[in-house]
Amino acid sequence: MSVSLARGIFDAFFASIKSLTKRRYTLRYPEQKLDLPDGYTYDPKTQVGSPGVKGRHILYLDKCTGCSLCAIACEGIADCIDMVKVDGTWPKDKKAIMPQIDYGRCVFCGFCVDACPFDCLFMTPEYELASTDKRKLVQTPFQLGTLPEKKGLVEFIPDEKSGAHHA
Amino acid sequence: MSESNSVEKRILESLKSKFGESILEDGWEGALAPKRIKTFASREKIVEVAQAIKELGFDQVISQGGTDYPKDDIFKVNYHLIAVDNEELKPIILSLATKLPRNDPKMSTLTNVWRSAEFHEQETFENFGIFFEGHPRMERLLLPEDWDDIPPLRKEFTLPGR
Amino acid sequence: MVSSGSAISVFAGKVNDLLGTIVEQSVKEPIRYIVNWGRLYALWPVHLETACCSVEFGAASGPRFDLERFGMLEAFGSLRQCDLLVVQGTVTRKMAPRLQWVYEQMPEPKWVIAMGACAISGGLYIDSYNVIQGIDKIIPTDVFIPGCPPRPETLIQGIIELQNKIRRSRVRS
Amino acid sequence: MEVVERQGDYLTMSVGPQHPGSGHMRLIVTVDGDIIVKVKPDPGYVHRGAEKMCEVRTYIQNIPHLERPVIIDSCGILFAYVLAAEELIGVQPPPRAQYIRIIMAELNRIISHMYWLSIYGIFMGHSTMFMWPMGDRELFIDLAASIGGTRVTFSYFIPGGVRNDIPPGFKEKALKTFDYFVKRLKEYEKIYFNNPLVLKRTQGVGVFKREDAISLGVTGPNLRASGVASDTRKDEPYSMYDTIDFDIPTYREGDSYSRAWVRLEEMRESMKIIRQAIDKMEAGPVKQPMRGQIKGKVGEAFARTEAARGTMFYHIVSDGGKFPYRVKISVPSFRNLIAMSHLLEGNRLADMPVIYWGLDYWPVEADR
């Protein structure tokens, strides 16, 4: 009994000590950022999406027709899309209304992307949306129209010799 | 498929021989499907039928819930039963249904037959206001303590803004 | 005599005021900086899980994201030594009074983070009969972290936002 | 468990909802000294009315909120809903979609068990066992996120298939992760499962007898730890599980220790299943296209699947409209809750966290 006890404790201790030689696990977030793939897109013809990250949306303003199908799809989910008036003239969008998304409600399910028949609402891998002001979470069509810069740098590598690490 | 179907048929036949055709009397759909048996019992006979089903080998209540039909003025209560300890019955789910009038939603509890029905019945009580006579703890479980509205899963309860 | 005496006292009072402002300006700002700096990197969160966002909070405390790099320690038993309340998800009608009690028991200064769409506005549960539509209706909230649930990176970004806010905040004497 | 009625002062206290060891539920515990005499669970702190909400949402719109009750196992809770909805709508997913579903469900099972394992570690004051699984869980989250898009809530299964194909290079990434993780599991055994200190705290604690486990309606790994080989994947093979070769780990003891072993073994089995599913998968469509408004035919459907915590069951009644008439969700945590008071009575208060979390009770799932 005492031998197995000692052996068990030694095994546990040794397994832990071994990890001192391994590489650092932590992603140092604000300096390092994960290399995420592109955002989620959807092909309305085949009705199949692409495997992509579901983050903040991107709206191609020149393609949007103001059909408000995205808002209808979201109505029963999170009710976060409002169709708002935008300045300027849009040849495809006579009513000049476009989606405005409230990220205080959005759940990033991507069903609005599935609902868009004109290839104009997709998702991007941007996730840095926290704010001290609730009103800033509402993004207007013009804010949604900008592509985020790609900041991703590091990948997660599982490697049992040197330990899982980011590089 | 035919072999597994025979097990279901045999169970249904044995129940039929005990309780007659009333075991099939459900106005909704057929009683037999692959791996599914749908039975019905009136609320006076439900404990008796449940006892017989338990003796066949169905030992757990996987789900118990009500459905509200204001048009027909009834509640339908479904017990879904599985057998975890019986190799032959393992693939089968047996549904035991009963109807209760909406103005007198009361039935006797099945916790004496299957203890696993206890929390499910409590939940049906608070969601529909169906009272289970003889239940050890007929009290509120999930809803807040100060709930004073009608039971939420009844059809006349509408969600705000819908 | 009277007038000259009052003139002197007025003068002395003005000098005193001026000195007071100079001293206050030169002392208060460093003190404010030091006090805020102390608060900044010692945020002790209350361990109150209100719903499913606690999973991602747990993941953020894990080794990959490691909130302790920002002075955020993990679970604590006592509310009396905590100064940060992270509301992790939906607040139901049954939980709302408990959340208020927890908030009232925490000592000043205290900050609140609303984590996840449910805590900010009700999220998916916009029409549920049992969900509070946003915690800023019941307790003052400092930082909003969108997502359902937010990625741990977003949570860390929100905590950095909170630290910036603390850095700017005034210190009561 | 037998409780000897004793003379003396009883103390009733409530554990939770703000308590490091409880999560978002309350247990009203009566103790005599440090022996628990009576436990009354008080759930409902996260009751969000999911069943009522289903009645005013379409079959597709129901998907995001139905997976929120258990976001660490979001595909597991959705699987049964999708199967029942498919029966009502009358669509069949293509075979490739079914294999992808199996991959996602099993990845979610590993993610869920890893989360459970890390919290189990911290409940026993074993900080290393919190850090290691929580860190290695991220590997599987990355795998699942590369398919589903988000970290935990994918909204990935829909009636008729899955929403997108798996990304190129998934197979290599997955196999690399499994090779790494299989070796890590051996280290877990060393530092935790064979650690004499952990053995002392878990062996013989919270014992479930086989008959009690069956009669109380316990399900999932907790039931398998008591010696009942009950697993829906074998009992009533849904999707493509009948083409895959795997075992159901069962233990006879029924204590907290064997409940932990069941889950550890299940992670190994899950990796085995995913390897086979990747190999068996053939190229093809991943979704049956559907036009127009999705409506269910009049009638009812019920389906069960094996989620990480046990058998998930959905009963959907349809009246032919675009909204389901009634959706009954029967979740494993809710059925395991009844066992909690039974198990805790007669044990010491200090063993409460071990027993409580050993059941893998997830309050959000139980409350819905």
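Here the chain labels run A, B, C and D in written order, and each chain numbers its own residues starting at 1.
We take it that a residue touches a chain if its C-beta (ideal position, glycine included) is under 8 Å from a C-beta of that chain, and two chains touch if they have at least 3 such contacts.
What you see is a predicted model; the values in this text were computed from it and never measured.
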Furthest chain, CA centroid comparison against chain C: B
Chain centre separation (chain A, chain D; CA means) in Å: 25
Gap in Å, rounded to a whole number, between the CA centres of chain D and chain C: 35
Computed distance of Cα centres, chain B from chain A, in Å: 43
Mean-CA-position distance for chain C and chain A (Å): 26
Where chain C touches two or more other chains, by residue: 63-64, 92, 94, 124, 126-130, 148, 151
Multi-chain contact sites of chain B, meaning residues that touch two or more partners: 143-144, 152, 157, 159, 162
Where chain D touches two or more other chains, by residue: 44, 47, 49, 52-53, 56, 64-65, 135, 138, 153
Chain contact graph, described as a line, ring, star, complete graph or other shape: other
Residues of chain C defined as touching chain A within the complex: 63-66, 69, 117, 120-124, 126, 134, 136, 141-148, 150-158, 160-162, 165
Contacting residues of chain C [partner chain B, same complex]: 92-94, 126-130
In the complex with chain B, residue positions of chain D that touch it: 43-44, 47, 49, 51-53, 56, 214-217, 219, 223, 228, 230, 235-236, 299-300, 302, 304, 311, 313, 315, 317, 325-326, 328, 330, 334-335, 337-338, 367-368
Touch list for chain B against partner chain C, complex: 143-146, 149, 152, 157, 159-162
Chain C contact footprint on chain D (complex, rising order): 17-20, 23-24, 44-49, 52-53, 56, 64-65, 68-72, 115, 118-119, 122, 130-132, 134-135, 137-138, 141, 151-153, 364
